[in-house]
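Two complexes follow with subunit A in common, the first pairing it with subunit B and the second with subunit C.
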Partner chain A sequence: MTANPPLLAVEQLTVSFRSGRRESPAVEDVSFTLDAGETLAIVGESGSGKSVTSLAVMRLIPDPPGRINAGRILLNGKDLLALNDSDMQRIRGNDIAMIFQEPMTSLNPVMTVGTQIAESVRLHQGRNTAEARQHALDMLRRVQMPSPEQRLDQYPHELSGGMRQRIVIAMALACNPMLLIADEPTTALDVTVQAQVLDLMRTIRSELDAGVLLVTHDLGVVAEMADRVLVFYAGRVVESAPVRSLMRRPRHPYTLGLLGAMPRLSTRGGTRHERLLEIPGNVPPPGSRGPGCYFAPRCAYATQECRDAQPPLEEKHAGHLAACWHSDELEEPA
Partner chain B sequence: MSSLLEVRGLSRHFRAKAGIVGRLTGQRDDLLRAVDGVDLDIAAGETLGLVGESGCGKSTVGRCILRLERPDAGTVVLDGRDLAGLSDGQMRSLRKDVQIVFQDPMASLNPRRSVGSAVAEPLMNFGMTGTRLREAVADLFARVGLGRDQIDRFPHEFSGGQRQRLGIARALGLRPRLIVLDEPVSALDVSVQAQIINLLIDLQQEFGIAYLFIAHDLAVVEHISHRVAVMYLGKVVETAPTATLYRAPQHPYTKALLAAVPVDDPDDSRNRVILQGDLPSPSNPPSGCRFRTRCPLADPYCAEKEPPLVAADEEQHAVACHYASTGPLPQNTSA
Partner chain C sequence: MLAYALRRLLSTIPVMAIVALLVFSLLYLTPGDPAVVLAGEQASETDIARLRTAMALDKPYAERFLIWVGGAVRGDLGVSVFSNRPVIELIVQRLEPTVALTLGSLLIAIVLAVPLGTLAAWRSGGALDRIVMGFAVFGFSIPVFVLGYLLIILFSVHWDLLPVQGYRPIAYGVGPFLEHLALPALSLGIVNAALIARITRASMLDVLNQDYMRTARAKGLSTSRILIRHGLRNAAVPIVTIIGIGFAMLISGVVVTETVFNIPGLGRLTVDAILRRDYPVIQGVILVFSLTYVVVNLLVDLSYGLFDPRIRY
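Let's turn to the complex of A and B:
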């Protein structure tokens, strides 16, 4: 490690949501770092806290009902949680940009595509209208939009899902952000269009040298895009490792279970018409979690120790962390 | 092979109305050919996977088989009877042979009624009452892995995976010969998805039900299907036994689709063929072969003549492409 701070450092972040009189944690004690030029994937199932974590970095947690209870979020060493709203507004869009799953939710249906892309450079970089429009056109070319001149004056509903996601990416990149947060960027897309968008994201990542925080549930997308991976379960990080190390030799039973539950193409080692490995049961809702490991009720390796005490996230192997008392007993995935 | 279900020449067209501005400027309504001449066969106890991207017409095929849509042309023959020609009343009695499970089970459950009554409803429609009905519902709950104590609960008390179990219990009640499964696991998390896929495989083995499994996830479809049909813009472009389709696909679209699936191996070094462009609009499909606008093999002949679905070398394998071959697909040069 060098003396320079990492691009992004999240330290002991805890976020909770209030419903009625009860406050339940959505994210508990999450820490990680991300360097420039690196892609860190956050994987987990619904309710694991992966999206809440990415929204917290943007300070977009709706408050109320949400609240960041503890922790620090450092961008180049500067604590974002200590900023006032207008300073944070300057960082959003300028230094940090975000891409969501459903492009239509981040596009204004009554504004042309060109105006929307130009808006961010006008606001953040103070360019005039003509310059901004030219910049918007350049951005459309950069995201390999077919017939870009014509697209500038079209409305979002006139475009396909894949093209809309390109527009959102163009908007995100308009101010050359140093951190790009992509929350399920290809989940709503068809597989052939997903391949195009992933390809585009790879190209852009190498051009920008930005850090990418990729939130996804798809381990295939993780393997294609990520350098390192955080596995979330019930609001906590249960495993953190370089992507190869994680896929080859997961050290947490939940990660092992996810890999086993995923159907694979037979040309890629899958088996046809056999039972998939199941993880029995469901993710425990916040509030019904015991003092021990949250995964224990669904875990084949669980012992009394697991039910009594939360295992710490510890290094099990160079750069490979897991929160499990039984990491050494896990078998390698089939 | 004798078929339980035989679909021939199935077509379903929708009229996409021109808006008020369109009509004032003399624009005509568009005819959207969602399904355009589809043939399918499913044997008793068999799973046919139907794959394709959004808008290819795969769900409409399923809905036409159940007569939730009335087909514009073609026949749907179940066990020798043509469903397409039946009146609604006649169709009702046949519904016990064909059932459907949707992607979002919440949309098919009444939030104000207990889940037990939702599962009981089809049984009551066919005259079951009293203790027999209660026993049958309890059996169904047990069979899909739900507890007897959950019968009187309401839909919002169930997780996504449990709701899908309810959807399956409800479809299973009348002991149908065929269940149309329309994206049954695509809204579920991967650990729960595995539970539902396993349940479907178990139920098929126990009851010998045939499935039409409609999905966009190629790995899931391969896992569960005996045979697979690939659709593109309202037409079947390739159909084959699962092992053949995935090991030796012949249609360029099938090859591209398989190449686009992300694989959980960071060292995977496939020569990825990335298809250019998006699916064209089904209201204005390209002339000739509908895939030609995105196909790396297309030439002027493909624009002229539509390739028919013809038998390939192997048994039960059919492809609709003038240049079908088992070789790898060349990378698209235009970008």
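Let's turn to the complex of A and C:
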């Protein structure tokens, strides 16, 4: 049996950050796979390790203070962590591209957007200046930029937030990557612009047949975009499931809490001012974590067992994994 | 842009007017009768009286100032008391060595400091950073004349590679010109290099932490391209600012360096004029130095827009 390796396989990834003498883990023992054409969402609160995981795939963890302690990151079966710097540079921006969160700050303020888009094409595809410029123009059309010819020679500060995010997307897509990592692609945008950008990303995904790793804290975005979801809590994967299965019946109390904290418009009359549920407490800082489940201090279902032993990530239902001792006791979301 | 340049150019006029007033007052702030001071100790009463009339010293202060400024604007800075030749002629004669020394040391400073400062920022906290910053403290602390003599002892006396002193105009050949210029330009350049390196490091450190630098890495660009194309241009404004400010240091350094290396430039002219109390020459040289400083900083201001498109005038 010669099964094709998945597009991306992350195996037992552990990343830590040093501060002073202390080394604290940001991501612990994270494993997942992503196939071509699939969209995998990583959700979690800030500090849950979702951005760190996506940066680790690009090998863009700032080192120092960050360090990938253990694990493998396989792109089509090739371990990225074993590559030298120049081989990794050939992959970045070419095979794997990244859409960053802040369109306001992730573009170079002193270069025209045309140059910034053309840059990676010139580098990875060895095209000359004129060809690269033409390609940049094509990319601007592809991301549905209004009056693209004029935009080429404009600087980022001359564009609106939504346009800048289109530039960031155009830059990422310039070399037709097989893996696209989108780190909170819509978080910094106005709601109307968010919808446009999500629309654009869906169109592009269907054209490209790339795998998409979507990092977000917005479950609304997840519901619209993702095929599967990984839920991160305190640097660990607590639940991994197809998006519908997760939305219908979460198997981890943290996910249940996240869904409860998501505002939604009620279709039934009368209950328009449904209260948002919040998860009490905060993510425990690395130093104060006990031997048990990291979520136990905030969990309504926690028992002594939870405080004593870390629950393994196990299959609770077809394709639906969760790390919880009490998966079966959870109520269905309201 | 053009309107801004013109406005900025006009704003140098009051600055220069104040400089001119101070320079002019120099003669009258020194104790004693200027005519007596200028005529020297052996002068007779008639000599002094003649000088007083010749230099219009018998006229009121404001009138004398206007006469002097009127002359200066037309390039007439008066006549040297010592050599009896027009000051402007003396300055033009001495201009080449000083321009060569200034530009040479500025070039050395920039070529040394910008790459070193960039590397120090890139490897901040590491060994390279410490070495570069150690060098910067050393370069900034050591006086130009001490460094100048050290370099002479090493390169000229000990290794016999370069001439000890003197200057060869470029018209006599580029080789001898550079040979004579190397040590003075280096000793003057080091101080400035220290200053520029520190600012380059600080400015680059700030830029390296920006999101767009991560974007550049995410594109798969090489480190050198990231540092130079994406980093330096963003870090440029503070760097050119310090180069402009450092120019003042360069001017005072020129006076010392030309003395150490016996270069017949404006610095020597200044020192000689001071020793001889040749006030018209002192005034003329200071005016030229001030004008240069003002012009350099005007150019620095105008260059901001080239580096950063967000700066609009």
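As a working rule, the second predicted complex is superposed on the first by the 323 of 334 C-alpha atoms of A that agree within 3 Å, B and C clash if a C-alpha of one lies under 4 Å from a C-alpha of the other, contacts with A are read in each partner's own complex, and residues count from 1 in each chain.
By definition in this document, a residue touches a chain if its C-beta (ideal position, glycine included) is under 8 Å from a C-beta of that chain, and two chains touch if they have at least 3 such contacts.
As the structure is a prediction and not an experimental result, all values here were calculated from the model.
Undergrad: Between subunit B (first) and subunit C (second), which, if any, makes contact with A:E102: first, second, both or neither?
TA: second
Undergrad: Thinking of the overlay built on chain A, is A:M58 touched by subunit B (first), by subunit C (second), by both, or by neither?
TA: second
Undergrad: Regarding the shared-chain residue A:V193, is it in contact with subunit B (first), subunit C (second), both, or neither?
TA: first
Undergrad: In the superposed arrangement, which partner chain does A:R92 touch: subunit B (first), subunit C (second), both, or neither?
TA: second
Undergrad: Scan A:Y155 for contacts with subunit B and subunit C and give back first, second, both or neither.
TA: It touches subunit C, and subunit B stays clear.
Undergrad: Check the residue A:S46 against both partner chains and state whether it touches subunit B (first), subunit C (second), both, or neither.
TA: So A:S46 only meets subunit B here.
Undergrad: Touching A:H124 in the superposition: subunit B (first), subunit C (second), both, neither?
TA: In the superposition, A:H124 contacts subunit C only.
Undergrad: More residues of subunit A are touched by which chain, subunit B or subunit C?
TA: Comparing subunit B with subunit C, the partner touching more subunit A residues is B.
Undergrad: In the complex, go through subunit B and note every residue touching subunit A.
TA: Within the complex, subunit B touches subunit A at residues 53-54, 159-162, 189-195, 197-198, 201, 216-220, 222-224, 226, 242-243, 246-247, 256-268, 272, 274-279, 294, 335.
Undergrad: Under the definition above, what is the set of subunit A residues touching subunit B in their complex?
TA: My answer: residues 45-46, 144, 146, 160-163, 190-196, 198-199, 217-224, 243-244, 247, 257-268, 270-273, 275-280, 282.
Undergrad: Can you list the residues on subunit A that touch subunit C in the complex?
TA: 58, 60, 64, 85-86, 88-94, 97-98, 100, 102, 105-111, 119-120, 123-124, 155, 157, 168, 171
Undergrad: Which of the residues in subunit C end up touching subunit A in this complex?
TA: 125, 210-212, 214-223, 229-230, 233-234, 307-310
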